[in-house]
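Each chain carries a letter (A, B, C, D and E) given by its place in the written order, and its residues are counted from 1.
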Amino acid sequence: MESLLMNILGAVTTFLLAFAVGMTYGGLRRKIVARVQNRYGPPFYQNFIDAFKLYSKSTAIHHGAMHFLGPAFIMVSSVVSLMFIPVLTNNQWFPNLNFQGDLIFLIYIMVFGPLGMALGAGQTGNPNSAIGVTRGLSQMVGFEIPWVMALIALMVQYKTTSITGLLDIQVQSGHWFMFENPFAFSAAILASLGMFRYSPFDIVGAPTELASGPMSENGGKFLFVMMSSGSVFAFVKLTLIVDLFMGGASNLIILVIKTFLLYMIPVTYGIVSPRYRTEQSITYFWGWPLFFGLIAIIYAVFF
Amino acid sequence: MYNDKNKQKIVDIIKNAARKHSLWVLAYGTGCGAIEVPATMTSRYDAERLGVRGAATPRQADVLLITGYLTVKTLKRVIRVYEQMQDPKYVIGFGSCTINGGMYFDSYNTINQLDLYLPVDVYISGCMPRPEAVLEGFGKLQELIGKGIANGAQQYKENLDFYRENQKKVIKNWDFQDYNW
Amino acid sequence: MKREKATTLYIGPQHPGITGNMMVRLKVEGDTIVGARTEVGYLHRAFEKLVERRNWVQSFTMMCRFCVPEPDPVEESYARAVEMLDNIEIPERAKWIRVLVLELARISSLLLWHAGQGHSLGLYTMGQWSVGDRNYILDLFEDLTGARIYHMFIWPGGVRRDFPKGFEDKVLKTMDYLEKRLEDYDNLLFENSIFQKRTQGVGYVNPEKVIEHGVVGPVLRGSGIKSDIRIDDPYEVYDKLKFEVPTQTGSDIWARALVRRVEIRQSIRIIRQVIEKIPKGDVYTKVPNPQKWKIARGDAFARTESVRGEVGMYVASDGGAKPRRVHFRGAAYVHAVTLLEEVLIGQNIADVSAIMNSLGTCPPEIER
Amino acid sequence: MSFFDLRGTLKPLTSLKQFGKNPHTIRYPEVPVEASDRYRGFHFNEIEECIGCGNCATICMNESIDMIPVEGVEGDKGDSGLRPRIDYGRCCYCGLCVDVCPTGSLSLTKDYIHVSEDPDTFLFLPGIENPDANNRKTYISTKETSLNDWARIPMPELEGKERVKSFAEVVLGYNEEQARQEAERCISCGICTEVCPDHMHIPEYINAIASGNDEDAVRIIYDNNPLPELCGKVCTRRCEDVCAIATRGEPVAIRWLKRYATETADASDVIKDIVNPEIRERNGKKVGIIGAGPSGLTAAYYLALRGFDVTIYEANEKAGGMTMYGIPKYRLPLDSIQKQVDYIVSIGVKIHFNTKVGKDISFKEIYENNDAVFMGVGFPKAWTLGIDGEDAKGSMQAVNFLHMINSGEDVEVGNKVAVVGGGNVAIDAARVSRRLGAEVTILYRRRVQDMPADWEEIEGAEDEGVHIEPQAIPIKIHTDDKGNVKAIEYLKAEMVQSKDGGRPKPVAIEGSNTIMEVSAVMAAIGQQGDYDFIDKEYAEKIKIERGRFVVDKNQQTTLPRLFAGGDAANRTADAISAIADGLRACKAIDAMLMPSNK
Amino acid sequence: METLLEKIKDRVNANFDLKDYKIYTDLKRVDLFFNKEHIPSVLLYLKEQMGFRHLMHMSVVDWIEEGEFEIIFFLWAPKEKVKIFVKTRIDRDNPVMENMDNIWPQLNTYEREFKEMYGIEFPGLVAPEEFILESWSGPPPMRRDFETDKYAKDNFATRPGREDAQDVRETIAKRSGEDIPDFAKKYSR
């Protein structure tokens, strides 16, 4: 009984941490982008203000039930994924619902959000949303393959399908998988560029093409939910990669450093890149990332 | 000690503080003044410092910039866009044209007074207003929001008949072709 | 899975990707455009009607509003047309100042194009840089003409004011700064592999047909035809200046981008020459009292090379104090309607915005 | 495009170095920004300098400028009392208003920020609401950049040497092209009409000339001036003093344009054709007019148009009064007067020439036989110098001299003439004497710039070789034994600033006596009235003050039914005032006799 | 230059019924006047045979006093660098002009505009009904008898608060007691 309470409390703490870190990273990103663009940019806490404002806005948009569920799906997807990820290597405050095979589960649950989104966006009737969703799904096909291949490589190499298991191996051996299987790491990083949907892979929202795509019809609280789940999801992705390839983090400071450095890769690449077209984006993922993924599996199998 | 009214008041203060520092501007260049909006938003003047940033669709936006004159054809779209925006929403009128017709006061295709058709929260003088003036306009809007008196949307709802009547006077055909979402 | 039924997709009038306030109605199959229609009229202020109520001098204030991003070629065209009509010879210095203004306007507009092209492809950093740097050109305009955007500076008879003190130095300094920045732009935009991928082969204009289509300016030069009003039908003092007219043969967005990349440098070169060679003297030939200025019956057509290509102003007088007809022809009148509708067929919807930018769409110029 | 474009991936990444650079953002509003020195922001108006001409409101194609009355600004002659108010719901900041401002009072400033939730706060009174903006002026009006035409089209004139040979008209008049060009300079504000005693419709007729409709111009002119050609030639043109253009340039040649317009109608029947006045049916009332001077003729003309039976009694053999006999023919040819008098006669005015009231016909008879009487008798008697030797032969009054010359008499002036005085009569006498072949010196008590004569006349005189001796006070006329004038003795004077702040007074310098040999001396120091012709029973009832009839604003004297005008009733003593008096009296007589016409 | 322009004029004259012409040597410009029915063939000839391939502009001028619309085509020869203005007049009350967007496709846009703005009919023009205006019920607005200021006043209110404006001329006249006769008022500014 007590442990369940602790677990729930821990889950809430995890969520809040993920939310705060994700939002702050978003704010810092805006700040960094601004500096490269020769300007000051907003304060780093701007995202919190934006989120709160969105939350306080009225929402008088009615496109049917699925439209309401879209953001909810995304939120659920992010929170559930978060629950399966060990935030720190050994800390009871951030318990995770680990079980054998959770990595495979995670692969699916991470896709769940965008799918829900697709359902919601489809119902708005806005063609921009529909096209955005189509693009999103196509792109997902693009980056999921190298991503899954990188994960498979790890699973094959270390014979476990548990994230905690993989993390434990790294902690115990002291070797990070990014050095153990650099190909898997490369594939994962390149694929994660797509997951973050920053330039050049921001083809889903693509303001100048689709007027923010699936989000077109979502304002106010919907957007707040999407924004916060996006922040949480960013944290999930970063922590996952840290856990899988960079040996996890034993305390929050190390976690922040590692995730932030990791986060800088899509951010900096995004600053200087125009957007890919959908098929170009898929071609991209099926190029080097896929190649690295294949190598990674081969490496995992044969070495 | 705290009754509901006081609580509401405190919540309002916090809400207004958030709203005033997060103004998402709808990317809709309705007229000439739109040329100074990029200048305001980009590196030299950087309105994002003040929490002002662009929003791609009306659903996400808080502020509608009427950048100058409005032709009747655009007015129809602007009203549509305004009604799609979510409360609280604000309108900033740019330059002379929104106040009394400006240069085009005698044109058969442009309206003269914006406030007959939409509630306007802040007017900025100029033809067109330069970025400093635009920033000043945002500043004024923030001030009004902070005080909780930027309630154009409220007015619009309360006086909908008045606005509708004026709108219908100039917009002859109220239907939208192929608009189905 | 290819859907048989075509969807209608509206780009605009409220759309982050549209240039100005206009609309393109697309018929889309999947991601491919099968039909396109330009819809304009959102910016129709009826200038040409309004000038019938305004006298020759009053009318000039409207001219800059024809095209917001680059107002000066229109002012220039109107001023020159009126001067042709009334046989006004303007002072030599005024001609040089006009060239300076026109070239500064070209640079400012090209910087805006950099931003637009970057923005339409999702490269927002480009826009932040170039629009930010454009402010330095606008500062020059402010010093010279007293306004940032609507200069209302070139008027029949010359220009309104002479250089302020220390203006030449400031121009040269700004040009130096800009030249340095252009290297950054190259790194970010022109060297960018993604930009190249996005633009090469996109927005193809058939070079066989360009002249018959009324295509002008960088689009024409991007199709391998060397044509520039500044050379073909020289006005002011362009025949005394040295500059190159770049051409490319790709006929796509990339080719046009390369043309413009050179053009901005040529403009800087022209400005340096103007500062060096400008003669002393008056800047304004006095026209009669604006209330009573009448021009004998006749008509004139003046063309100017704007950044989008040739723009022309037809002015007809009936012998009165007010113009009988002022009719402006902007490059976008052709580019953004018939040409755009044709070019868009078969393109990906992702490229609409980029194509529009590349063709030099400027809706106020279409509907006026 | 290679399989992996390394350069194309890495080169853009170099842009990240911008991260280390300081942003070039202007942190407005924390850091204030000042607009450039030529920025066209809000307006500023020097309220004191502005004359309220409204040219700014006219040029503004956006109708954004209103002229409104403003507290603290009194409208008086030369100032409409209105000041511009700008509607920033209309203004496009083009600055044309500044470029056409004739006084240069209007300018634009560096201020440009006005942000408000209330759209009614965008009306702005420049100069009153921002009196401190004086030092932030940016876009100002200079003479060079202004759109106004400061320079007058020069009037073609005879050469100085040519002129003195004859009495031919000195001023040749504008040709059509010159007139149109000159008329184009007018900004049609109408400030001038207020100072014109007759309130002629100046902007209207100038605009008519500018647009090529000379006939309309003539018609407009004859609306309230039946002697326009006379005015066009010799008017004192106070209108030009207050001309808006004159604040920084040469005034529009209003007089010459009137002259041009009226000269296009070159005969009395042409005038009649063009003006084609509507003459009302005879109403049976009779009006008698004494003196066919400008005021008498004007009253007669308009009374006749209104259906009155008008009779003029004139002592001389020609009509025109002082303009006929006091102004030399090189300024105002006989034809000009004759043409207009003929026209006035042609619409039904009767003139009895050579009929001196008090001698040939009694005042009583006229007064009793008419329903109303108008007197435009002028100042026939000249002041004398009041010095020794004034009654010598060759010493005369300039007015009498001019009268004799204009009547065609021969006057012997000898070869050296001294004219005493500084008014137009003095100059006229001097220039006429030049034409008679004499060397002329004008003696004037004050400085040249103090002379009341028109500067054009003074210049003209100097061109013709008239010598002006300023600050000279005559004290004695020396005669030879035959009683002829031999020389004039005068004292030099110095100008002393008076204590009460008035204009400096000449004070004779003791011992500076100068004697100048002359053959004739003419006194031109003013004239006075002569009212002996009025029968005593009436004279008692007519109030006369300082030699002039006391009249009310309707030109009515203290004697009912008796009206007076011209020099004998006003202080300005010029033709246009006389014409104005005549017109005013006409209206008053009409109102008095025919109240139903109102 | 003059001979070149003359030659162009002569060549057109030899093939078509040229009504009138005007040559501006310094502007490198030839104005050719034709009857309306010759225009399509003239334009085609100029484009195909004489190298005037670039249509710079097309314009319509409303000569309401003469009851006619003047239609002008502005052509440019990229090689010879010469301008030709082909002008014709059509009846204002029954304005019909041949559709020529097969010669230059951009004429389609021009014709759409003139149809809307001047009410000129172009039989055979394939284009949507509306170009710039939307649900316009008034007369074609660019016709000179359409009064835009009146229309604006009737439809779009002007902001009150400026009624205290005075006319300078009237103020002065009133103060000085001047009566401006009615026939003179049209010359007041």
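Everything below uses one rule, namely that contacts are C-beta pairs under 8 Å (C-beta built on N, C-alpha and C of every residue); 3 or more make two chains touch, one makes a residue touch a chain.
These numbers were taken from a predicted model, which means no experiment stands behind them.
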Task: Pair joined by more contacting C-beta pairs (A-D or B-E) - done: B-E
- [ ] Please identify which chain has its centre, taken as the mean of its CA atoms, farthest from the centre of chain D.
- [x] A
TODO: Using mean Cα positions, find the chain sitting nearest the overall protein centre.
DONE: C
TODO: State, to the nearest whole Å, the distance from the C-alpha centre of chain A to the C-alpha centre of chain B.
DONE: 35
Open item on the list: Taking the mean of the C-alpha atoms as each chain's centre, how many Å separate chain A from chain C?
Closed with: 44
Open item on the list: Report the inter-centroid distance (CA atoms only) between chain C and chain D in whole Å.
Closed with: 53
TODO: State, to the nearest whole Å, the distance from the C-alpha centre of chain D to the C-alpha centre of chain E.
DONE: 47
- [ ] Hunt down the residues of chain B that sit against at least two other chains at once, touch-wise.
- [x] 27, 42-46, 49, 54, 56-58, 73, 99-101, 103, 105-110, 113, 127, 130-131
- [ ] Provide the list of chain E residues touching at least two other chains, using ranges where the numbers run on.
- [x] 133-134, 141, 146, 148-149, 159, 189
TODO: Hunt down the residues of chain C that sit against at least two other chains at once, touch-wise.
DONE: 8, 15-16, 41, 44, 46, 49-50, 53, 61-62, 125, 128-129, 132, 150, 188, 192, 194, 197, 291
TODO: Write out all the pairs of touching chains, ordered by chain label.
DONE: A-B, A-C, A-D, B-C, B-D, B-E, C-D, C-E, D-E
- [ ] Give every residue of chain D touching chain A within the complex, in rising order.
- [x] 3-4, 12-13, 15-16, 18-19, 21, 23-25, 27
Task: Interface residues, chain A side, partner chain D - complex - done: 32, 34-40, 268-269, 271-273, 287-288
Task: Residues on chain E engaged by chain C in the complex (per definition of touch) - done: 27-29, 47, 53-57, 59-63, 72, 74, 78, 81, 83, 85, 104-106, 108-109, 128, 130-134, 141-142, 144, 146, 148-149, 189
Open item on the list: Give the list of chain C residues in touch with chain B in this complex.
Closed with: 8, 10, 13-16, 20-21, 41-46, 49-50, 53, 61-62, 65, 68-69, 112, 115, 127-129, 131-135, 138, 148-150, 364
Task: Contact footprint of chain D on chain C as seen in their complex - done: 53-54, 57-59, 61-62, 125, 132, 139, 142-147, 150, 152, 160-161, 164, 184, 187-188, 191-194, 196-197, 200, 284, 286-293
